[in-house]
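There are two complexes below, and they share chain A, which is joined by chain B in the first and by chain C in the second.
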Partner chain A sequence: MSGARIVFDDVSRFYGEVLGVNRVSLSIPEGITSLVGPNGSGKSTLMNLMTGLIRPTQGTVSVLGIPCDRPDKLFREVGYCTQYDSFPSSLTGYEFLHSYLLLHGMTSSEAEKLTWEALERINLTGAAKRRVAGYSKGMRQRVKLAQALAHNPRVLVLDEPLNGLDPMARAETLALFRQLGEEGRHVVVSSHILHEVDRISDQVILLSNGYVVAEGRIQGVRSEVKEHPMQILVRCNRPGELAAKLFGHEQVVEAKLHADGAGLHVRTRDADSFYLLLNQVVLDAGLEVEKVAPADEDVNSVYEYLIGSEGGSQ
Partner chain B sequence: MTVAEVRSWPWSLWAAQIRAILRLELGKTFFNRRAWWIYLAALAPVILTTGHSIATLYIDQMSHGLHTDVKAYAGIFQFGYLRVFLFFGCAILFTNLFRGEVLAKTLHYYFLSPVRREVIAAGKYLAGLAAACVLYSVSVALCHITTFMHFGPRFEEFYFAGGGLEQLAAYVGVTLLACIGYGAVFTLMGLLFKNPMIPAAVVMIWEGLNTFLPPALKKISVVFYLKSLCPVDVPVPGPLSFLVQDAAPVPAWLAVPGVLLLSLLAVIYAGRRVRRFEISYAE
Partner chain C sequence: MAVYKKSYRGYEGPLTRERSRFLIIPRYAFEEMRRSRFFTSFFLATLINPLVCALIIYLHHNFSALEVMGIQPDQIVAIDGAFFGFYLGFQSMLAFFLTAFIGPGLVSPDLANNAIPLYLARPFNRTDYVLGKMSVLLILLSIMTWVPGLLLFSLQSYLEGTAWLGDNLRLAAALFLGSWVWMLVLSLLILAISAWVKWKPIAGGLLFVVFFAGGGFAAAINEILRTKWGHLINLNHIVGSIWIWLFKGSLESSGGAVFFGVQRGEELPVWTAWTGLLVLCAICLRLLGKKIRGVEVAP
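Moving on to the complex of A and B:
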């Protein structure tokens, strides 16, 4: 099973006396996994550990069964878009990718073919022959992404890949991640832009101060947060009447009208019982319900609940 | 480790990867806009000897003989090239192979590729070696020619009948060996020290004082073995000669493999160091 996963086994990493990550045990399946946490929480450390750029102080890391201290095997399967914004001097975007593929041992013609494919994938063919040093922040980000993708790896590790991208490029990049996830690849992504991460993630890993605070599918993580009642949005024709009928039931902690007056925010500690109650009330009162949906089953809310104000700037 | 195991290693892949590293590194060394100082450092002695030839021809009116310049060139080579120009050229070229990339924050480019770290070390060393060998063998040869070119017809006679060409070949050979030896030592220093210029300066002082060291200590030095291979001896100037204790020169059959073996060991150890190297640009 671990052969198809990214596995951290009781991994700690210290920088001198400073904690990077501590006692991390994870088993990351294919699909899109988001690493979420404030600056210094250990996201980049985890990514550098899984790509062998740093070694664990304790524990072991493997990617698809490959130990991370074997770059010759690891980077046949892994592409890493780092946060480092430095490039070998004087190279054009084309040369940057072509040279990288030559390092894989490819022939020049194979490398050329894959270089153009990667450039097309991230819409950078027009600037291929310009020096990377003259690229904008967004173009540099895209060429790094192309480097990670160029050799068609099964695992993509992407550290803040949306940084510096304009909204159009962001949407295209997110669509690309979704496609890669659907193809059965591992896409591990860290981002500060939580609502965008939320839209594409199959699972999340929440980090704080070097510790994994929560991990798993976002709905599962949300349901584990018992101290914060679940928030459910009910859109119906008479939200005031619904609120009046729900008050007094033990399943309902709070009910509040939506700002547009066409819905009701309900907080409950037991969602399953609440849904049964709601069915009963709606039938009894003859209400027309347009929508019932969880309102805080997203990364942003879970992040806020678990990590709190630390993540306010994220 | 058996011969069959060694044969089964992916030599052709490693060769292709080393070619890719050479391509990148030589591009950086030779065609970078900031590479001008490398050319200047390598060609500085040539500028001096060209100036000497012109001055001798037009100002000094050929007051000295060819033999004097043979000794003068031997001095330039042993004290100028081996102890200063080539020494520092190699120090800067080879320590920068890794340290320069750490400072520029670009080393991860190599570390993100499926290349064994030992192959990266070997590729970078060979790239530095190719650059140093081309630059300094051309420089040594040009310097030799410009030292003697003002002798006119005697220049040709010296080169083709008086042993000049053999001397030049020996100097170029020693230059290549010096690049191999110093290159390996400085590649390793670039991995062992955050500021490799300090240990490089210590080595330079040690190598510079070699002439005046007791015979036993003389042998713990690269320049001692290189000097043994030089075709012309350089006498120490009179006032300092009383400080010199002669040591028997090392025969070529021992000096050449000795320098090559030392270099090989240094490069192998450098490979092991690179394997443990981490990307930590904040250091």
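Moving on to the complex of A and C:
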């Protein structure tokens, strides 16, 4: 099983006396995994560990069964996009991708083919022959992404890949991540844009001060946070009446009318019982329900519950 | 967990040889240099001296041409160890300037822009990176020093005959090894300096400082302690001592004496010069190893 996963086994990494990450054990499956945490929480350290750019002080890291101290094998399977804007100033977008494919060991003709495929994938064929130094921030981010995926890796490690992208490019990039995840690849993304990460992630890893605070599917993580009642939004035609009928029941901790007057925010400690109760009340009162959805089952909320104000700024 | 289609297929095409992959770095570096007019002009100018030397060798063997020019054969410079020593010394001086000009642009921009992970996130390690960057200088400096040097030697051997070739084979070895000693010292030094000093003009200037300040310090030590061992920190002296040994020429006339300023009575035993050189290379490699990393390990 570990052959198809990224595995951290009791990994710690210290920079002198400063903690990078501590006692991390993870097993990351295929699909899109988001690393979430404030600056200094250990996201980049985890990414650098899984790409072998730094070695763990303790523990072992393997990617698809390959130890991370074997760059010759590892980087056949891994593509890495750092958070830094780092380009040889005089190269064109095409030359930039082509040169790094040659470093991978592709022949010139294979590298050429893969370069054009990658450029097409990130919608940059039109600017291929322009110097990267003249690219906009968004274009530079995209070409950086292209160099990570040009050699067709099974694992993509992307450090803040959405930074600097305009909304259109961001939507396209997220769609690309989704597509890459659906192809059966591992896409590990760190991002500060939580609501977007939330939309695309199959699983999240929440980090704080070098520790993994929670990991798994976001709904699963949310249900583990017992001390914060779940918030559910019910949109219906008579929210005031619904609130009155729900108040007396023990499943309901709090019920609050939505600001637009067309819905009700309910806090509950037992979501399953609440849904049964809601069915009953709706049928009895003859309410027309438009929507019932968890209101805080997202990365942002979970992060705030688990880490508090520290994550609020993210 | 989603059920994935597993439609992904990795790269399965042919791969080039791992050992020669570092040569991709000079390929792109030369492209960039070619765009600099100053570099192109300077580099072409460095080939004037070999052409002049070739002309001298030719004239040396063409009495009719000398007669036309009104020059007596004994007036023209002799083609011997000193001739080749001068040739190499002059070219090495140009090599020094070229290194100071292009060397700082090889590593420092990558470090300044955090671009090292771009290289190291491939089947490409730190040694490949340093080799690749060094080879940019080594190739250029080779074209300036030992390659034309050996061509001149071949021309002289051809015109003079096999007896001369047999008697002077050591010169060919001296041209080759002397050039490599100089090229390695220059390349390692400038890479190490530019790995630590990211501002290119300062890094280039520091190369001069290392050579000339080292000589000054060495002279001060020698004066105060009344010794000659201070020269161990004088790179000019170390390389010069090795050249004198390689060319087996007299101190007054060999390239080692003229271009590196090694004075009679102050020459170091050749083994100490080699040791000094090895220590210098080790220090440079250590400095490079500290900086050329996938990630800066400072927290």
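As a convention for this text, the second predicted complex is superposed on the first by the 313 of 314 C-alpha atoms of A that agree within 3 Å, B and C clash if a C-alpha of one lies under 4 Å from a C-alpha of the other, contacts with A are read in each partner's own complex, and residues count from 1 in each chain.
Criterion: contacts are C-beta pairs under 8 Å (C-beta built on N, C-alpha and C of every residue); 3 or more make two chains touch, one makes a residue touch a chain.
Small disclaimer: the values here were computed from a predicted structure and weren't measured.
K.L.:
Which term applies to chain B and chain C once both are placed on chain A by superposition, clash or fit?
P.N.:
clash
K.L.:
Going by the contact rule set out at the top, does A:Gly31 touch chain B (first), chain C (second), both, or neither?
P.N.:
After superposition on chain A, A:Gly31 lies in contact with chain C alone.
K.L.:
When the two structures are overlaid on chain A, which partner does A:Ala146 contact: first (chain B), second (chain C), both, or neither?
P.N.:
A:Ala146: touches no partner chain.
K.L.:
Per the contact definition in the header, classify A:Glu110: touching chain B only (first), chain C only (second), both, or neither.
P.N.:
Once the two structures are laid over each other on A, A:Glu110 reaches chain C alone.
K.L.:
Give the label of whichever partner, chain B or chain C, reaches more residues of chain A.
P.N.:
If we count touched residues of chain A for both partners, the winner is C.
K.L.:
Which partner does A:Val18 reach: the first (chain B), the second (chain C), both, or neither?
P.N.:
Once the two structures are laid over each other on A, A:Val18 reaches chain C alone.
K.L.:
Counting only touches as set out at the top, which of chain B and chain C does A:Asp72 meet: first, second, both, neither?
P.N.:
both
K.L.:
Superposing on chain A puts chain B and chain C in one frame; which of 20-28, 56-64 or 254-262 is the clashing stretch?
P.N.:
The superposed arrangement places chain B into chain C at 20-28.
K.L.:
Can you list the residues of chain A that meet both chain B and chain C?
P.N.:
15, 48, 51-54, 71-76, 80, 82, 84, 86-90, 99-100, 102-106, 147
K.L.:
Which of the residues in chain B end up touching chain A in this complex?
P.N.:
13, 16-17, 19-21, 23-24, 27-28, 31-34, 104-106, 108-117, 119, 275-276, 278-281
K.L.:
For a test of understanding, state which residues of chain A touch chain B in their complex under the given definition.
P.N.:
Residue positions touching the partner: 15, 48, 51-55, 69, 71-76, 80, 82, 84, 86-90, 99-100, 102-106, 147.
K.L.:
In the complex formed with chain C, which residues of chain A make contact?
P.N.:
15-16, 18, 20, 29-31, 48, 51-54, 71-80, 82, 84-91, 95, 99-100, 102-107, 110, 114, 147-148, 151-154, 181-185, 202, 217
K.L.:
How about chain C: which of its residues touch chain A in the complex?
P.N.:
1-2, 4-11, 13-16, 18, 21, 24, 27-28, 31-32, 35, 109-110, 113-115, 117-125, 293-295, 297-299
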